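Letters A, B, C and D name the chains as they come in the text, with residue numbers starting at 1 for each one.
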Amino acid sequence: MKKSLAALGLLAVAALALSGCTDSAATPSSAPSDPGSEPAEVVKIRVAALPIAETGALWAAIDEGIFADHGLDVEVVPAQGGAQAIPALLSGDIQFAIGQPFGPIRADLQDLGVAIIGDYADSLADGTDVNAVVALGDSGIASPKDLSGKKVSVNSLGAAGDLTIRATVDADGGDSSTIEFIEVAFPEVKAQLEAGTIDAGWVPDPFRGMVVGEGGTSVIAPYQDVIPGLTVLTNITTQKLIDEDPELVKAYSTAMTEALEFAAANEDAVYAAIAKGLDIPLEAAQGITLPTFTFEMDVDSVKTLADLAVKYEYIDALPDFDRLIQQQ
Amino acid sequence: MTTATPTTASTGHRRRRNLGTLRRAVLGTIGVVGFLAAWQLLSTLRIINPEQLPSATDTFAQLGALLRDLEFWRNIGRTMTAWAIGLAIATLVGTVLGTVVGMLPFVRRLTHTMVEFLRPIPSVAFIPLVILMLGLQMPAALVIIVYASFWQVFVQVLYGVADIDTVARDTARSFGLTRASQLRNLVLPTALPYLMTGVRLAAAVALILAVTAEMTIGNPGLGRQLTLASGIGNYTTVYAIVIVTGLLGLIINIGFRAIERRTLSWHQSVRGDVAS
Amino acid sequence: MTLYTSTVRTPVAKSRLWAKIGENTLYAVGLPIVLLLIWGVVASVAPAKFFPAPQKIAVAFSSTWLGEAFINDVLPSLARLSIAIIIAVIVGIAAGTLIGLTRWLRELLEPLLEFFRAIPPPVLIPVFVVFLGVTDSMKIVVIAFGAIWPVLLNTIEGVRSTDAVMSETARSFSLTRSQRLFDLLLPAASPRIMAGVRQTLSVALIMMVISELFYSSAGLGYQIKYFQQTYLIAEMWSGIVLLGLIGVLLAVIFGFVERRVLRWYHGIKEVERA
Amino acid sequence: MPETLLKVESLNKVYESATGRVEAIGDIGFTMNRGELVCIVGPSGCGKTTLLKCIAGLLRPTAGEVTLDGKKVTSPPDNMALVFQEYGRSLYPWLTVRGNVELPLKHKKLSKSERTQLVDDALLAVGLDHADKSYPWQLSGGMQQRVAIARAVAYQPEVLIMDEPFAAVDAQTRADLEDLVRTLHSERGMSILFVTHDIDESVYLGERVVVLSKSPTWVQEDLAIDLAPERDQITTRALPRFTELRTHVYEQIQRAKRGEAVRSNA
């Protein structure tokens, strides 16, 4: 019995070997351009970024060789949200992180020595925004105030998503304190809406498109409704790194500025990178609404967000913006 | 029985035993096939939305595709490396501490409260802390793995040392065996089967934590691949990875049970009938 | 001829008794106190951001858990944990007895059981979410699924390995089916079942925390994660302490039940050792 | 004319075991009357336990049959009680002495008070009326076997079958227990089938001794014990007739061991 199992296993392995293997992690052969400007040495850095569509800009820029041109060998670490990226920054395991501004704001309130060194992506001030609260067509939820007393999902509680939803609902005459927020990962939202365990869900593309495409309604675009063009993702590092290795921070900032400019100008490259990075079909990637990619911080939008967070008692006090935001 | 006539029935007997094995194999196969068929039907008859529960055939097709992907094998390797290192550390530390604490009654009494308090704390609760100290890589996962599996070994070794036959111990003392000699000839042999039980339990726990750590910390491995797949709604990959983790667990269980049985059978011949 | 072969208890003098209690207490709390003192001193001499002093954790503990959070987070978590444990134990024993006694069923299910028990339970969370939604029942099922295996497998083994003479006694006195089940099989298997329950409890606690790390908006595990995300380090530590206390509580309850259920078993062991 | 209670006819048992086919019992036949105390002796490993399990309906014989009170035994009959050699394993350690004795009565149609009465009576009969709340494992080996006997007595069987019940107790306890069996037989008129490998014990206890051959087993001799019904450990064992009988049985067993005995009726 055992022997026959072993034989079967061997056979399977042999069959696999014969049928040929692929390697999804193989580095693409698109070599960095311009041998003339090659720097003397390459520094390895680890950057935390969520496995979401927005990270497409970073992936595309790496494939394009932009970071290599500045002597940086970037390893993207798919950290589970800013909550783990910041501890990892502090432990020195990673040097930079791309995350929501809420994480660094909270970290600053605890004097953890974290700084935002630049923007990464902003929501869209008009048109279809990068994310929305969606509900099923027959849910009877049409306007923001209808969300009162309902179960609404966000991907991570206590951050910009639920905060701006609250603000939108209250501005529309609803009562946000009666909303029950639940954490649901974006891809699950559609199924949970259909199963009736949630009434509405906050999702980015392509998941918004899936719900709306089947007769669902896009109730609100909370970012656009509350703070048009709100900063979605920022580049984060530690004060320690800024003090100890300003060169590295400088190189990273320059490269990131270039990378984001490249991404803003080359949507197709970003879509291709999303399709590869998230392992989804290119057509699906192309249906995604991209944010504005820029390294230039809109400090006021972050300040407005912080004010709102204080108002809704998400945080006790405002952070020290001068040490928190150090635009490079 | 006595010297009663053993006839030529031994071949017939072998046939009977083979029949038993055959019966088990057939029934077991029916069970597995039945399960797979039920799964396939649930999905193809759309009793459950196939987007969420991909059919068995789709899942195995995806599994086949994954198995041709070197990166998938690397992920298996990463998970198993973390598992193996974690288990090795937990076994070593658990054995040493278990023996020391078990042999020194006052240390045992002193540490009792600490052990009872620390043991039930789920190691996943320490994940935030280890990320803070060790970052997002394997060392952080190792702490989680070791903390959880250490207790399994430690507690079993404690039981084992406590189980030393009083007569055997008195005999050892009366012959003036040194502490080192007692340890080698009395304590370790008695505790060995317990240790093996502990290691078997620890091996299963270590795999759970190795995968969980990858899911929550995000160090590379099967767990992270699963979260990433689930994060983009790729359920065929999710189910394929669930199957692979189950098979890994199965191999670990079968392997360690075999090792345990081997040490136990050796041991029973030494200490005779063991009622458990 | 003595009737009782168990150990004879001689009365202990009162002063000796108090000395004994004092000694036991010292042993029980001595090391924890020393360690806490060292931690406290180190934390005040060289404060580390992520290792707050014990007194800070104590303050955080009372302000965090001894109020609203107890009702909103701790109680629901404990309720889910208890329901899941009860389900795991009852289903585990019932199914285990059935499977242990029915050969064809055992042979039919053996490979499947071996496989499912080997799956690390956390990987099934995304799967269960699909079937059960983001609900309490999903969390309960996740906990119960992870925790059921030790009871189930130990019951199967325990029921299968019932002593031959005991079974023959039952047969020779024509005991009824239910008598055989409740007066022979289950008591005979109870040492093993209880060993399984002990493991089930610790797995259940782990699964409770894990089930709240994903898809949650309240609960002890969620709170610990939330405190980490908001960098309330002392509060996070207090959550870990609370988990330890819950573990101790579970162990105490288990010990109490086990001493009742297995009084005879421990009695035999004591006699054998004497 | 005494009434036949138990009848064993041409009993044969073949085991298919791991070491091959083993014929444990060749051909056994004997009868036992109501109110009799019959001892069965034989060389060690002669299949005594197998015979007993077949009689008790715990094992299905390969050929032949057992009739109890006119009815063929195919499963454990209601009017039979067993006392096993392994008292430690036949008593349930999670039940008290009373619980153990009472357990088999629970499925008989008896009122609670009748049941209590039966248990009390049985415990009194074996001299354990003061220990009913103890657990078996708190008692000495001899005491435990008394509990097993009490359980059988309370069950009110037509026939009590005892399988080497005193093989594992010390000599003094054994004498006490032997007298207990005699008392149960003489005072309560119980029919007892007593299996032992101890020759003295069989002669001391039995009204008849059935000597078995070595395996595959058959009945080598069915010997009536013509000792007075009132027996005493000192005087009975000192009787010349006792010595004669035990010598006779001893020789039979020795012959059985050597395989010298030849079946007369085969």
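Keep in mind that, in the parts below, a contact is a pair of C-beta atoms (placed from the backbone, for glycine too) under 8 Å apart; a residue touches a chain by one contact, two chains touch by 3 or more.
Values in this document were obtained by computation on a predicted structure and should not be read as measured data.
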item	value
Set of chains whose contacts include both subunit C and subunit A	B
Per Cα centroids, the chain farthest from subunit D	A
Chain pair bearing the highest count of C-beta contacts	B-C
Cα-centroid distance, subunit A relative to subunit B, in whole angstrom	37
Gap in Å, rounded to a whole number, between the CA centres of subunit D and subunit C	47
Whole-Å gap separating subunit A and subunit D, where each centre is the average of the chain's CA atoms	83
Separation of mean Cα positions, subunit C and subunit B [Å, integer]	19
Residues of subunit C engaged with two or more neighbouring chains	130, 225, 228
Where subunit B touches two or more other chains, by residue	52, 128, 132-133, 216, 230
Residue list for subunit A, restricted to those that touch at least two other chains	83, 87, 185, 188, 191
Touching residues on subunit B, where the partner in the complex is subunit C	23-24, 27-32, 35, 48, 52-53, 106, 109-114, 116-126, 128-129, 132-133, 148, 166, 201, 204, 207-208, 211-212, 215-216, 223, 226, 230, 235, 238-239, 241-242, 245-250, 252-254
Sites on subunit C touched by subunit A in the complex	49, 129-130, 133-135, 214-217, 225-226, 228-233
Footprint of subunit C on subunit D - complex, ascending	53, 56-58, 75-78, 80-82, 84, 86, 89-90, 92-95, 103-104, 106-107, 130-131, 134-135, 137-140, 142-143, 151, 155, 173
Touching residues on subunit B, where the partner in the complex is subunit A	21, 25, 49, 51-52, 67-72, 74, 128, 131-137, 216-218, 224, 227-234
Touching residues (chain side subunit A, partner subunit C) in the complex	81-83, 86-87, 103, 106-107, 109-110, 112, 153, 156-158, 180-185, 188, 191-192, 195-198
